[in-house]
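Each of the next two complexes has subunit A plus one other chain: subunit B in the first, subunit C in the second.
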Partner chain A sequence: MESARWRRLLVASATTALVVTLSACGAGATATPSSVALTFYYPVAVPGPITQLIDGYISKFEQQNPGITVKPVLSGGYPDTLTKIETTIKGGGTPPDVAVMLSTDLYSLVDSNAIQPLDSQIAAAGGDTYLSDFYPAFLANSRYQGHIWSLPFQRSTPVLFYNKDMFTAAGLDPSTGPANYQEMVSDAQKLTKPDGSTYGIEISSDGIPYWLFQSFVIGGGSNVVGSAPNQVNFDTPQAIQALQDFADLSAKYHVMPSGILQWANMPNDFVAGKAAMIWHSSGSLANILKQAKFNVGVSYTVGENGYGAPTGGGNLYMLKGIPASHQAAAWKFIQFMSSTDTQADWSINTGYIAARQSSYQTAAMKAYIAKTPQAAVAPAGLQYAKAELAAHDNAQIQKFLGDAVQAVLTGKSTPSAALATAQQQATQLLSTFKN
Partner chain B sequence: MERRPRRGVAALPYLLIAPTLFFVALFTLWPTVLVAFDSLFLQNEAVQVPQFTGLGNYAALAGDSAFQQVVLNTVLYVVVTVPVSVVLALVLALALNRKLRALGLFRLAFFYPAILPMVSAATIWLFMYAPGYGLVNVFLGILHLPGQNWLGSANLALIALMILGIWKQTGYFMIFYLAGLQGLPHEVFEAANLDGASPLQTVRHLTLPLLMGTTLFVTTIAVVNAFETVDQIYIMTGGGPTNATTMLLFDIWQTLFSFFDQGKASAMSVILIGVLLIFTVVNFTQVERRATYE
Partner chain C sequence: MDAAWVLVLAVVALGWAVPLLWAIAVSVHSPDEPISAANLWWGSHPTLANYTQAFQIAPFAQYYVNTIVIVFGILAVQLVTISLAGYAFARYRFRGENLLFFVILLQLMVPSSALIVPNYSTIRQLHLFDTLVAVMLPYFGSAFGVFLMRQTFKTVPRDLDDAARVDGANWFQTLRHVYIPPARPAMIAFALSSISFHWNDFLWPLVVTNSAASRPLTVGLAVFTQLGEIGAQWPLVTAGTVIVVGPLLLLFLVFQRQFIDSFLHSGLK
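Up next, the complex of A and B:
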């Protein structure tokens, strides 16, 4: 095991050492014998006063649970959070007790032995009855090897935002968005202005291009996710058709700007009237409503056969290797953060979809939806949602598919060739995993 | 009679460089040895306990078409940004090395990009390159040229990053050339003037050879800058579209901290270290010797 010791001294250890030191300080400094001091890592992925909200939930939790303190650590974005935790573990340090990480990080976290299942705790809390209140789509990335590894916390799906005023002006029905891909194209053709000042639709393809691409595939009645975490279905006829549809929006129908569009620019283009429709995260709702000076409609992303979308966002995980005395407290905290009331408040203040159906029966949520009916659209659409792409070596697998999407959108490849390459790359990489 | 140096005198220089040597060894040499060692092992998401693989990681890189594109991108970036920045900096320095109205303002304007952190510069240029309303496209519109999706096009994205790189460092190099120009001996230029040398002849036969030391210095910095390109890729393109802007250092970072493939990332680091080492050795032995004699 000499090499395992070398591993600890790994070269990028400047970062590792820093993270280890910081988390070690964090874990040690606040611990007193009489109380349990938890550390909680969370990323920030949407605009808004996220840290104040988290601090508020924690102080409420600490009031309800004397003897438990929680130290929140803002850990950057999702990739930073995963990197911090993986390097901490590889460096031999103590990870946080609870962390919010992508639901799709599941296999990577299990492979690196970073997390522990929540089965016994869930069983004690009521088992399937307890789980039945969560939207099934949001648990799609939680199960593996017969265990439940995470509970949903900040979840979303892509939705279609449309400019109702432009719909009316173009003679379209402003009460509803397009029902399938063909309708979306014909709507977009009516909405696109010949002088280039307004495009019918904008769908971003930078960052994580596979995500919005999945909407096309799922709306076409299929999905790219394999039946096991060492399989993916990138080059099915439905996926090839879906990628052709995505590329046709600019190359054939000219209703979308060409090339790679940036995620961050989409809401700006929409509120500025440069795009009549955009696909974006449901989490952008609050921000878009705040800025738009026109009536905003929310509908679902579509494929050939109708509505369809992948889920997205982060779940609550309990880390492995935390002291046994912390586990009960960590589970209490996970339960609190995924509770009906917390999820309702979190949804109202951020635009994330509350993970529990009962959250939509609370008085606070009912009052909010009466005022902002658009907020009811995304949860109602969860029946069309399927699992987000997740596999072993997930970042790499997602990049293979994203690279294929970008290659086609920039005119460098055809859908069938690009997806065949992605499938072959993924198959080769995943062949090193037994199941 | 020659006197033999006393022991203490001989030890003193080593004693003086000892602290520096210690830290260089600790933070540069030792990690380099570790990286080279790690590059001989398979260690990734599938293989959590390192497995000896010899040169397996290098062989895998040699057959990896994405890595070949990364190398090509890096070479292109070096080959374009280094000469363009250096020549442009020299031209600017020659233009500003005289009495001009508002000279300070010009110098400040050209130097200003150098004091911006790269992250801020990249964010500014992200807006400048934005399709539709970005400043670059607005400017093209004034010239009746079609706007481009600079960062979203497979053919333009790397060029867009090169332009940013050149913009960012040229003013910095200009300052070195200005300093070099002001340190040149007046007598030779006066003599050339008396002999009736044209301005072009003066620059070619006097200024350029005399500034050889400065040129070497800024070229070295430019090459290192080119290999260190990472912030702007992270901010502006994420290496896309489809690896069109992925360069070596960014790829190393991505391979280790996104894909957790330590063996592969170590092998790539060894290659980067090797390339920079060869460049440094050539620079120190060949070119510098020549510069001294010219």
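Up next, the complex of A and C:
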């Protein structure tokens, strides 16, 4: 008796599952044959109504392109997006058509055969003429093996924020920030209060310590990025000098608190008056302006020879293994998301730097900059920006360099020894890659 | 209880409560006002603006419903599967019993993150992608739960079982009336660990879902915790956190007497 009832229940639930499955399949099949349904994965890395903004762009895109629909999928943070896509590919599923991932994920994505190049589409859109409107620094992490694999979407760069009121009080010129490392040190010495209530400068070394360290190296006229993705230049004399400069700020000049400074706390310390200058992402500008009760200046991060910074942030990629019929639509969507107007609006609402120079000529952007002149500083500084650290097995490589930076800042190692170790670890890991 | 004990307990309780109280205080801190050592709590003009912004950023009401369905759906199925399996391992002798039990225990050593790809593959073949069932399915069985129930059932005296049989109870009635009642504390302990694990699970739901209709709260919370690009927005982060943990906390505070009672009144009567 008992078992018969169970069996009936089992059959009933199996039937329900089948019906649900079939109706789900049916829903896909009844769409008009000529229409293309794209899927778009995007991570969130800044606050604000990101989902509403993305939904708004998509409905505008769908209006302009009848026959194409786009389903936006919020995919957590950058690492989550990568995991979600890798799982889909390994598990035999269909990846999204377009995704926003870190520009530095390029080699890992090519190595796992996850993305397809955009050369033919870019050539059809005008080739170099089409690309020339993008800031060259934002394309520095897009090229590999003679192909272009991604277009910039949500990009940023470290900048130097300074407290203009404190500059004036210390007898410094509030109209410009320091032009090189030596100036930054002497400014910071004048700004540091002996009672410890204000430090001249704070530069974070947690989270992604290699990123701000790259500013020191690039400002010293060099970079840690190798000429191929199986090479890095961690232990050059310029890099060793740069790490010495970083450590000297607290150990020698006492203008920065010692130890590892938290990335998340820097803007707070700055607006609370605990630090007269900080290095932080250009994306922090809106929040800093909202909270600061003083005049905020924006300038560039510096090294021995002058200004210098890496780029950061996410690019638009087209995934491999999507239906051939989706490719044209996916390219249209990539073009739309990286277009002059979308980039201008995205920049105004999020604080990212617009990827295109023409975005800064739009009426909306001009009105925004008239109101917030500090927002024009970061794009103007992109001429000093170089590629962000990227290589095969990138998370590991970035960690090797980050660990070296932290070891020196906590006094556990010297710049030359720590960087030699990092170089050796990286060389060993990268030796398995041919190019 | 003497005064020294009260003092120790007060310190422990305070240490537990301060992070929560701070989160609630900071969640009404004005977003326009910096948080500093001198201004660490609710600030000069408390506001609900952070909550308004948090609700704009993610559809929390929908996420709530989903989380509750997922967490209690998993638990309901688990309680059935673990008591049946635990009962079989505790009281029946059958061929391959030890091997089978060993294989089940082996599963405890495989971290669930290592199974994401095969599990995803299964979900895809079942055409369950982006459904609540997909989020729940891999957890319907629980090695830990089976082990716990087996050990608990083994402590029930055989005599009670025999007496029930003599009275004409079948296996299900025996399980229901002889074994389950003394196992209630163990089941509640298991339920608490299951609820807190699945309430917090993030990666698996993120991987197998694409739409708000099937995503849990943790995915909504990620929108606040992944703001790596710029500095921490403590007022916003704490508002999101209070929204997510608040009801669960309230539930526990309301039902804590029942939880504790059930632990105290365990054992055979």
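Keep this in mind: the second predicted complex is superposed on the first by the 401 of 435 C-alpha atoms of A that agree within 3 Å, B and C clash if a C-alpha of one lies under 4 Å from a C-alpha of the other, contacts with A are read in each partner's own complex, and residues count from 1 in each chain.
Going forward, a contact is a pair of C-beta atoms (placed from the backbone, for glycine too) under 8 Å apart; a residue touches a chain by one contact, two chains touch by 3 or more.
As the structure is a prediction and not an experimental result, all values here were calculated from the model.
In this superposed model built on subunit A, subunit B and subunit C take up the same space, so to speak, and clash. After overlaying the two complexes on the shared chain, residue contacts for A:346 are found with neither subunit B nor subunit C.
Of the two partner chains, neither subunit B nor subunit C is touched by A:368. Of the two partner chains, neither subunit B nor subunit C is touched by A:246. Shared-chain residue A:134: touches no atom of subunit B or subunit C. Of the two partner chains placed by superposition, subunit B and subunit C are both touched by A:207. In the superposition on chain A, A:291 makes contact with subunit C only, not with subunit B. Once the two complexes are laid over each other on the shared chain, residue contacts for A:83 go to subunit B and to subunit C alike.
Using the contact criterion defined above for the overlaid structures, shared-chain residue A:271 touches subunit C, although it does not reach subunit B. Overlaying the two complexes on chain A leaves one subunit B stretch of 21-29, 39-47 or 165-173 clashing with subunit C, which is 21-29. Where the contact sets of subunit A with subunit B and with subunit C meet, they give residues 83, 87, 207, 265, 274.
If you check the complex, the residues on subunit C that touch subunit A are 31-37, 39, 53, 56-58, 116-118, 120-121, 124, 126-129, 170, 172, 202-203, 206-207, 210-211, 219, 222-234, 236. Of all residues in subunit B, those touching subunit A in their complex are 31, 34-35, 37-38, 41, 43-50, 52, 130-133, 149, 151-154, 237-238, 240-244, 256-262, 266, 269. For subunit A in complex with subunit C, the touching residues are 2, 21, 24-25, 39, 43-52, 71, 73-78, 80, 83-84, 87-88, 90-93, 156, 207-208, 263-268, 271-274, 280-281, 283-284, 287, 290-292, 312-313, 351.
Residues 3-4, 6-7, 9-13, 79, 83, 86-87, 108, 111-113, 205-207, 209, 257-262, 265, 269, 274, 392-393, 395-396, 402-404, 406-407, 409-412, 432-433 of subunit A are the ones touching subunit B in the complex.
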